[in-house]
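The following pair of complexes shares a single chain, chain A, combined with chain B in the former and chain C in the latter.
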Partner chain A sequence: MNKPLQRRLKKFRVFYLMFLPVAAYFLIFTYYPFFRGLVMSFQENRLLGARPFNGLENYRFVIMEPNFLASVKNSIIIGVWDMGLYFAFALLLALILNEVARRTIKQSIQTIAYLPYLFSWAVIGGVWALIFDLQGLANKALSLFGVEPIFFLAAPSLARPLIIAMGVWRSMGYFALLFTVAIMAIDEQLFEAARIDGASRFNQITRIIIPSLGPTMKTIIVLLSIGVLTHFDEIYVMVNPANRRLISTLMLYIYETGILNFKTGTASAGATLVMIGTVAITALMRTLTSYDEG
Partner chain B sequence: MKTKRFVVALIVLVFVVGSLFAQGQIDRKAVEVKVLAGVTGGKDEAENKLFEKAMERATGLTITWEKPPSGYDQVLMQKLGAGEAYDLIYLNQFQMYTLANQGALTDLTSRIAASRVYAENVDREELEKIQMNGRYYAGFNKLEVFPLVNVNKAITDKLGINLDTLNTLDDYYQMLRSVKNYMENVVGRKPYYPFFTYMPDIWDLQPWFSSVGLRRGVFKDASGKKYAPFVDPKAQPVWQWLAKLYREGLMDPASFTGKTGDMRNKMWQSQEIVMDVDWAAWTGLYNNNAITAGTYPHIVNIVGLPGTKSPQGTYLLEQGGASLWAIPSNAKHPDEAFKIIEYMATKEGGLLLSAGIEGYDYVVQNGKLAFTEVGLAHAKDHGAPFPISTQFDLGVLGTMNPGVLESVAIGKRADVEVAPMGYADGELDARKYYDIMSKWMTDCIMGKISADVAMREAANELRINKLID
Partner chain C sequence: MARHLAKRDTLPLGVRIINSLLLVLVVLLMGLPMLNVLAVSLSTQAKSDTPGLVLWPSPSTVQGYTFIWNHVRFGGPFFNTVYVSLVGTVLHVLMASLAGYVLGEQRLPYRKALTTFVLLTMTIPYELTMIGIYAVNRDLRLTNTYAGLIINGMISGFSVLLMRNYFMAIPLSLAESARIDGASEIRIFRSIYLRLSVSGLMTIGTLELIRRWNNITMTVTLISDMKKWTLPVVLRYILFDQTSTSGTSYIFANAKMAAVVLTALPLVILYFFTQSFFSSGIMIGSIKE
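What follows is the complex of A and B.
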């Protein structure tokens, strides 16, 4: 070990010691299971006892499986739409909230928008079933205008939009809160100078607020890109035989293969591919947003 | 000198006997049988402890009876996958096939063959149903009943319908039409969908496919070729019949999106449906719930029916996939674990798994069981409402829920054939079969595609996935 490094280690030893529990936590609960899963992806499907290695057989099986390929397609469609809409609606909500002058109204709207994020997916699934059931609130409202009932929960054309809307409804408030915090941090002098120069409110939004949100936008985009291929809970609570082929995602495939069918090798191979896909998408988004350039 | 020798010998003897006794104690203590249980056990943590103690008293073993409060399949997978050693695990028939194929279960064939308890308590026919290529990898948790047609007679009586005469698909269609007409135009409940069938796993369709003599699942013919009767051309009239029910508003659309709980509530609580296909035990539970609600029998009076008659003149019903107990291949105490399997097959074990724990769920008064308030709330079910032991007399449980004995008796009729779904000798990936069948046949029933197209597409996908040949 070279001397400068030794000196640094000695100098900051207290901080390194403080870091140890966190490192241990990640090693035990994140990296070890990940490594186990990676090894299992090259082994035969055996829940107990020795698991003989079978090379790339699990990967070959997964890649050739029609259900897996359909899940890839569904995951990308749902994930990309979710990412785009979470971002757009959250930004829009934050900008609108920023324009509300009365603090109590602003805070009330913020709380209402944030509230769904605190609900479990099971509760949200129940709420959406109540709204979009054949005899639910949405159809009752439509019937007031003489519109025939729509079978929202089973209509193929509405399967993905409904799932995407469900996610947007749940998470919009959370991401809007992140944008709101960033807006509040903008230097007030910038607005004052703009007002003196006669800039309209719209111009202030487009010329000051939105450019100032750049770093927050990049962070949110990268955060959202990590979740593109990992949608599960909302699918699990909403899947039915009528919409299955349109909303069945990779995580559902892995759950059903690994947990329900005990095919741990196959499921681990699927999970490893999801991880590779997630790393690739995240890297792509980092590059596109010039994330590392500050 | 002699005395001295005697004292030394005595001391040595005391040490030897003492150490042997201590060794015995250690061995006895070391044998702690670890059980991972699904539905069987106490209803909550406190009762589960009592259940564990009752099982210990009965078997003379030290037992850890672990019963996860929810998500059993996930817990089972995670625990076994992580290498945790259990001596006994609860699982269903499909899981037994999967794990046995992976070599994860102990072969119990010789133990079961040599077991006097099994010989004296378990029906040979039942035993054959859990064989896998002639071998046994599990013992029974309970006697499986079967789903059958449940009809609310309180409604059909108002229309003068004689339920005993319903034997064909058309008979049932006419009955549903009459009920819909009555409920919508006379009672004024519009829209009224009189029939619910849970579609996600194409469960509960067997009573209708009986009309064409077909069974659910995948079977092997004499040449070993795998085939699925529900995609056989002979099945087409039944799919068309179901599509007609949906088209004409006789089938509840929630059949595709709802849960079993929704179906049950609609049956007894709100009477939004007049007919479903549900377990024989539920005939009684519906009525019992109605008694509690004060609606039995004038508003709710559920009766079980065998469904439709096959071309051979019999009624084909599907026995529920067995709930079983298996010994994992890494079990430390397989002998003791098998003792528990045997106990659960005895009539005493049946009493524990049904009525529950003496002194907690029930007390014995004048030789009869008197259920406590807790016991009544637990509905005489601690994992096995119908114990597997042929020596168990359901009569000891006292008055049964109205209609349940009649429904169970249907399975014993000479013209009724109750058999499990086809698992193709344990080769079937049941989850895939359900998914493929339910999505294509849902499209068919909802009128998006015709029955022949749906059956062809389903057969193709079953073939691509190597579920059939």
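What follows is the complex of A and C.
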């Protein structure tokens, strides 16, 4: 009975051989670190030597830690605002861009809006630092309205809005492009039919374009929800003593605790909690958008 | 063009004006900051640190660039990042096509199990396994090495599945007839499957190159030795670290912005060369799994 399978396995042995490096990579660098992190979250903070298990001690510690709790709050505020604003601005941009009749203009604007998405957060940070400098473009623009110069990057009240705006500035064009691609895919006949029925352009937008974007909207919301608690790069780049308290996120907490301060147990417990949180947020978003029902 | 215009209804004039104004605002908000960075990077030391809306530097100079290149030694991290990104990308594309080819072979026993094995890796967020990744790399002595930066991320479930989909679209009869002609599996893979999937290879290659060039998280996880930092991490240090000086001299805004431009420019160039692959990459990236 096993004969044919054995023969087939033998026939495809080159394939298994080709798959071997890939399998090895995933086992060593993806699966193993994941389980190792889980195990470490139940062990004492020790980088070298034997690590005695200490049950739920790390979890108990981390949920009482003020820094962790502050980063939970920051992560949720920044993550949720980012998700909502990325979505809203991208949709708006795609819709207004779609009303531009001339293709060259449309594509040029699209490219300009998309460009920052190519750049590293460090580059975006550099642009931001220049624009929001005391002598920068933003203050220059405000001075036209008679507003006194503001030191944006050190003002606590502006710390979160600036980080959120930075994300919108970088990502709006990318997500708008996803919407644009979906708008282009709408069947031209729908518009013909609407025109025959005498529907105005405005009605065509609200009755044809927006409903057709349903699936894309769902996909983007679910995509964005996965990232709500994992903001790291932009925080790593922009964090300074003046804004730390307000923008330090969970990922920064895990990085600083585990990698910089070698408290691997504490950091792993934090990471595990973030993982559970991410699964919960994603599940919630899937339910709210009835994503799995198509 | 004219036909296209005629076919389309338009919004009332008032709405169209608002629409245009919004678009002008978008262009200004996106474009001005980038132009400003470019202009400051090309202005003189003195000019770059004085107030004023600089959109066109006069006089213009490459002083900032020579300073950042020679005095801050930006060239080192620049070429190291080129090396790490290119080697990493080539390996990534190679591994993804190997695995994609295997998973695309429909008669392969245990194909479903292997596909699930790859799919599951996409549900493990890399950021959240940071500590485990650090521990494993330290045990393998890969921390503070470029080998570590290259190996980590050498493959991704996303790229494997993308290549698999490309390969599965190629008619089986092509491989069959090659097999009858006595071609080896490796040969079939190389001269039929790879050759017919160039746009797929380019798509994952471009996306991976950008990801690697911009990567901050992996670098700061694995590399603590400043001398081995990659470009974005060095750039952050130059821009924001209080103690960031080259020896004793202060880094002026023109040099800082020159560093920003040097980090960003290769990607802009890459973008314009590979634009056609972007749309396909973007489409695929958003497809519901």
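As a convention for this text, the second predicted complex is superposed on the first by the 263 of 294 C-alpha atoms of A that agree within 3 Å, B and C clash if a C-alpha of one lies under 4 Å from a C-alpha of the other, contacts with A are read in each partner's own complex, and residues count from 1 in each chain.
Here, a contact is a pair of C-beta atoms (placed from the backbone, for glycine too) under 8 Å apart; a residue touches a chain by one contact, two chains touch by 3 or more.
Everything numeric in this text was worked out from a predicted model, so none of it was measured.
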- Task: Using the superposition on chain A, decide if chain B and chain C clash or fit.
- Result: clash
- A:242 contacts which: chain B (first), chain C (second), both, neither? first
- Query: Is A:64 contacted by the first partner chain B, the second partner chain C, both or neither?
  - Reply: neither
- Just chain B (first), just chain C (second), both, or neither: which does A:19 touch? second
- Message: Between chain B and chain C, whom does A:130 touch in the aligned arrangement: first, second, both, or neither?
- Response: second
- Partner chain in contact with A:264 - chain B first, chain C second, else both or neither: both
- Message: Output check: A:49 vs chain B and chain C. Expected answer is one of first, second, both, neither. What do you get?
- Response: first
- Task: For A:151, decide between first (touching chain B), second (touching chain C), both and neither.
- Result: first
- Query: Thinking of the overlay built on chain A, is A:256 touched by chain B (first), by chain C (second), by both, or by neither?
  - Reply: first
- Item | Which of chain B and chain C A:99 touches, first, second, both or neither | second
- Winner by number of chain A residues touched, once chain B and chain C are compared: C
- Item | chain B region in steric overlap with chain C, selected from 57-65, 75-83 or 201-209 | 75-83
- Overlap of the chain B and chain C interfaces on chain A comprises residues 129, 240, 258-259, 264
- Task: Under the touch definition given earlier, write down the residues of chain C that touch chain A in their complex.
- Result: 1, 4-5, 8-12, 15-16, 19, 22-23, 26-27, 29-34, 36-37, 40, 50-53, 95, 98-99, 101-102, 105, 107-109, 114, 117-118, 121, 124-125, 127-136, 140, 151-152, 154-155, 160, 185-186, 189, 210, 213-217, 220-221, 231-233, 235-236, 239-240, 253, 256-257, 259-260, 263-264, 267-268, 271, 279, 282-283, 286-288
- Spell out the part of chain B that touches chain A in their complex, as residue ranges. 73-74, 77, 80-81, 83, 95, 98-99, 102-104, 199-200, 253-254, 256-257, 328-330, 429, 431-432, 435, 438-439, 441-443, 446, 448, 461, 464-465
- Which positions of chain A touch chain C when the two form their complex? 5, 8-9, 12, 14-16, 18-19, 21-23, 25-26, 28-38, 40, 93, 96-97, 99-101, 103, 109, 112-113, 115-116, 118-123, 125-127, 129-131, 135-137, 140, 169, 173-174, 177-178, 181, 191, 195, 200-202, 204, 215-216, 219-220, 223, 226, 230, 232-233, 236-238, 240, 251, 254-255, 258-259, 264, 267-268, 271-272, 274-275, 278
- Item | Complex interface listing, chain A residues touching chain B | 45-49, 66-67, 129, 133-134, 151, 153-154, 156, 240-242, 244-245, 256, 258-262, 264
